[in-house]
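These are the structures, in structure tokens.
Both complexes shown next keep subunit A, but they swap its partner, so subunit B is in the first and subunit C is in the second.
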Partner chain A sequence: MSATAATSTQDRQKLEMVALSAPAVVFTVAMIAFPVVYTIWLGFQTFSSTGKQSFAGLANYSKLISDYEFWHGLWITIALFVLSLVLQLVFGVWLALVLFHAKRLPGIVRSLFISPFMMPPVVAGMMWLVILDPSLGAANYILQSFGLPPSDWLASPTWVIPTVALIDSWQWTPYVALIVLGGLQSLPPSVYEAAQIDGASPFKTFQRITLPLLLPTIVTAAILRSVDLLRFFDIIYITTQGGPGNASNTLNIYGFRVGFEFFNFGYASALMLTLTAIVFGAVLAFNRLRGAVAW
Partner chain B sequence: MKARMLATHVALPVLAIAAATAQAHAADFDWMKFKGKTITFLANNNPVSQALLTYKADFEKLTGMTLKVDGYQEQQMRQRLVTVMNANSDEVDVFMTLPSREGEQFAAAGWYGDLTAMAKNEVAGEYDPNGLSQALLKAATFGGKLTSMPMNIEGPIFYYRTDIFRKCGLEAPKTIKDVEAAAEKIKSCDSTVTPFVSRGLKPAIAYTFSNMLHNVGGSYIANGKSNLCSAKGKEALDTYSRLLRDFGPPGVVNYSFQQISALYRGGRAAMAFESSNELRTVMEGGARLKDTGLLPFPAGDAGQVPTTIGWGMAVSSHSKQPDAAWYFVQWATSPEVQKKMALQGIAPPRPSVAKDPEYRKWIDEEPVRKEWQAALDVLATKGSSEVGYPIVANPQSREFIGQAVQDLILKQKTVDQACADADKALDALIALN
Partner chain C sequence: MNDAANTDRWIRWLNTMQLVLAGVLIMAPTVWMVLSSFKPSFEVTAYPPTLSFSPTLENYVELTRTTPFLSYALNSLIVTVGSTTLGLVFGIPAAFAVSWTRITWPAILTLAARMAPGTLFLLPWYVMFRQIGMIGSYTALILSHAVITLPIVIWVLLPSFDGIPRSVFEAAQVDGCSVTRILWRIALPLVASGVAVSAILAFVFSWNYFLFALVLSNGDTKTLIAAAFNFIGEGSTQWGALMAAATLIALPPLVLAALVQRWLVSGLTLGAVKG
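Our next item is the complex of A and B:
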């Protein structure tokens, strides 16, 4: 076969590959690009209470700056994010270590440990709503049976964020544990053998070997959870709807209400794009951190 | 408001004339006129639609049409509707609506089809549009256009435990002050029960609070301005929040109908101020059947001005087959279907159905049902459908009412601060109207 013929065949194969994959690529790009572009366009529109629409330029974004609910929502979102992420990473690593070392733990117990994150968040929210009901729930019954004072849990402006963070952590800590467990199983045994020979205590081994080697895995888990935590919606919507008052009114809940209850899709889009920018910022920051701790 | 009243005064006589004209058209009426068509019904998955849809097959047999039901919980139903209507889509032909909540808003957005002409020209002989509650038809008329037909009548009513009242030496309360006194007495007489419970969840508060406000003689708007800081407004805010704070269950700020019904049904509340629709839920299991008394909410300085609302069926303005859709609305709100629904505990918006012997027999089976119907009769005759501010942004106004009440329950503000903050926010909303 001549060189020209070979080039021609290669060109045809390339063309076929492009032609065959093009529909999927176009579809995927359209599915991602269209909603984003549409939301950006909506962010420049204003909607009256009756849904009448007009061009607003940057008015929605300048409104954000003076909107108390936006800053309050941002603060609630960040508080919930930090509290939940810390709880989930600390207890996730602990749970992973327990599962890693408890080799004889029956399969059913292991499955139970990691089962909460398989539960739909709506079901988890409903379940905890019943458990934490200050009058009828089991949580206060247990507290009181130990002589402790009852709590208002989700009905207390002070305790609502820690309580929601606890519910989310109950559900998602096993997910973090599963990721960290994978990391633990891939650590090289040789470094542990060397530590053992050097007489390192279990705590020193964990502090100086396990934790540093696990950091890239932990940061990966943090990235995955960060995206979810900054967009936190379902459990709050089920349990408090942003209340009491606006004590759990995260940016996501606020944006949802502005859009779907008050019909101001322009301002809601501006809110959600701002939240998206925050999520991207967090992911980028964690990615850089992952690069720094890689080994 | 004047324009609305004028429009209502024009529209209702038109409907009355329509009833007479309908007799002429009745003979030509053919239920099979739209045979083969498919109607899409966006339904709120509540007891009203559940009772109605029990007879879905009857509609399909009567008309030869297919009824496609798109059912969601209330909030999700509205989200779906907003999406469909904003896209000018004809996916939905008929939808359920609460005129007291979104009526002004949907009417101003042009989402309701105008039913005035159809109620005049396309009615079966037995339909009797004039037999529907005039108060509810009035509440569904915007700018002279009839926008929906009532499916039921409902409102908050006062449930109380007769056995606890007897044990504590109390009479059934006649006034709001009696309710407060009873709560105080029950608190010391029986520490195992919550003396009083009602709605404390922010968006849900306006439903019950409006009754309190109107009973004490308050109003939401005076001279075009929000009126919560008037003496009566403050009295209503103070009394409602004090009842919940001092005599309500812990965590009442998250209470809506589900929690209230569960608490009362479980025997853990002595008084509950909650929707008439909850009767079936409250009586489930039969534990409360013999020890419950029912009343309209006791009187304030302005007497009893109960909140009376009803779900309505509207035809979408984007429907490509509004005439066929109207056939479904007409069937669903006909005396025959509403009687069947009434026998399932859905209070009928037709006085004639409420007087029907079969329905009366059902009512007479239990004393509690008699009291329920008596309370509903008061709602039907004296009721106001004003729940929250009568403005386009009504749903948003409910948020600010709820916020003021919650601030007081949680002791985060004084009455003066709470009403002033609410008035400021509400004045801004009124200005947009």
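Our next item is the complex of A and C:
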């Protein structure tokens, strides 16, 4: 008797679990899983200028291989990704060390440090657009008052990608710093005491002890930033829309414009699926790396 | 001995200087934006840029006079509150079920939205919503933004639910409580602060999100973030009004984030880091 009662309780429990997760699962399938499958199907379709669609096989993907804009976009995406990630990790670790040694951090200071990455990227784009204006902006005034040559910043095909990387790094370096700070605070103090007894210099201690122990945290920060950097959109779309010319036309911007400016949904789908594969590939690679540096 | 104390003081001074330098670099652009928004229009574009001026609200008045700023703000509020509510209603029970059963694939599936580029979803949504005539509707905007809020709610709450000792639930089960009752009466009050953090983070990221509203909204349902794009086009020399708009758009997420700053970073890493 008790056995059947137990099974019925367990069955009821299972049913309740299904009921609890059902809304989220149904929503996720309808808004995420099904649309992705639909995009895969769209990738095999071609849309004529009149909007008529027909099956195209792998035509969109063979177009991809011979499309100069695709390879250019891929190069821009990777350049922006590497440049921003290096800037944010280097300065993030530096900032974390500074914060760590400051000992006491009042809440107001923390609030100020999180303010760049909590504001909309669109707002960051707006404010930097004004600061970096080539003729009237404050940035060039500061450069010139130090006797440095002014720059065209976002209006220069050469400098637009480094400039966008700089804006994004302004927004997200404090985020990386706070993650690394969390890692620093969780390191066992005993290893430092041992190093001090051995008379290791601060630099040697950092190089031989702190950095290796921090690597898993740094790689985690790198994963979280990579996901955003590879699909960079907001700041570029607000400031340059991919310009000047096509100098900041990342894959995500290019795919968006193919889809919603030229309404070629088939080719846009192929572009977006390729970009998604790149993002997932990067995450898997970093995950491997995190496994390798774990302690 | 004296030497060591001197070196120590020197190092501490060096560290403070670096902290101040970092603080200035982080704050200066935002301060400049706010200052510019209070400058008289002829001074905003003055070159060399001026620091001293008589503050005025002229840019804010101009902004509300020349653009439907308030109705955009109302649209933003409707979409953000709607999608945050949806995220909480779907996410809280799902996070509880995942924590209890250790069946994690529903939570992992929602992470796809955190990793894939938004356009990947926007292309099929556009085709689908167009077919049923929902482009420009609040419903379409709220549904699309719930894709942002749901993973935040689930992944912020998962560690909170995991932190409750199993014995608490087992005792309630012995007393004949159903799972649903345990969630509402016992688990939820214990993770109330986690719910607050997840709600605020969901609100901030939904408020800040640009891409979906750019395509799925129309003139009547445009959110502030999507409208910001038009502000730039219309007033390429109207820097004062542009900076007033930027300041007002950034205000709600910054105020909310300051409230939960202590728990914010561990929440933002979606469980990847315990802070």
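In the analysis below, the second predicted complex is superposed on the first by the 260 of 295 C-alpha atoms of A that agree within 3 Å, B and C clash if a C-alpha of one lies under 4 Å from a C-alpha of the other, contacts with A are read in each partner's own complex, and residues count from 1 in each chain.
Note that a residue touches a chain if its C-beta (ideal position, glycine included) is under 8 Å from a C-beta of that chain, and two chains touch if they have at least 3 such contacts.
None of these values were measured; they are calculated from a predicted model.
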| item | value |
| --- | --- |
| Three-chain arrangement built on subunit A, subunit B and subunit C clash or fit | clash |
| Touching partner for A:Ala194 - first (subunit B), second (subunit C), both, neither | neither |
| Which superposed partner A:Met17 touches (first subunit B, second subunit C, both, neither) | second |
| Contacts of A:Leu211 with subunit B and subunit C, given as first, second, both or neither | neither |
| Which superposed partner A:Ala268 touches (first subunit B, second subunit C, both, neither) | second |
| Which of subunit B and subunit C A:Ala285 touches, first, second, both or neither | neither |
| Touched partner set for A:Pro244, first subunit B, second subunit C, both or neither | first |
| Which superposed partner A:Val86 touches (first subunit B, second subunit C, both, neither) | neither |
| First (subunit B), second (subunit C), both or neither touched by A:Pro134 | first |
| Partner chain in contact with A:Trp153 - subunit B first, subunit C second, else both or neither | first |
| More subunit A residues in contact - subunit B or subunit C | C |
| From 22-30, 94-102 or 130-138, the subunit C stretch with C-alpha clashes against subunit B | 130-138 |
| Contact residues common to both interfaces of subunit A (with subunit B and with subunit C) | 135-136, 260, 265 |
| Subunit A-facing residues of subunit C, complex | 15-16, 18-19, 22-23, 25-27, 29-30, 32-33, 36, 45, 47-49, 86, 89-91, 93-94, 96-98, 100-101, 106, 109-110, 112-128, 143-144, 146-147, 150, 154, 178-180, 183, 204, 207-208, 210-211, 214-215, 225, 228-229, 231-232, 239, 242-243, 245-246, 249-250, 253-254, 257-258, 261-262, 264-266, 268-269, 272-275 |
| Contacting residues of subunit B [partner subunit A, same complex] | 78-79, 82, 85-86, 105, 108-110, 194, 201-203, 249-254, 259, 262-263, 266, 268, 392-393, 395-396, 399, 403, 406-407, 410, 412, 432-433 |
| In the complex, subunit A residues that touch subunit C | 12-13, 16-17, 19-21, 23-25, 27-28, 31-36, 38-39, 42, 94-95, 98-99, 101-102, 107, 109-116, 118-124, 126-131, 135-136, 138, 141, 170, 174-175, 178-179, 182-183, 186, 217, 220, 223-224, 227, 230-231, 233-234, 237-238, 252, 255-256, 259-260, 265, 268-269, 272-273, 275-276, 279-280, 283 |
| Residue numbers on subunit A that touch subunit B, as the complex places them | 48-52, 133-136, 150, 152-157, 239-246, 257, 260-263, 265 |
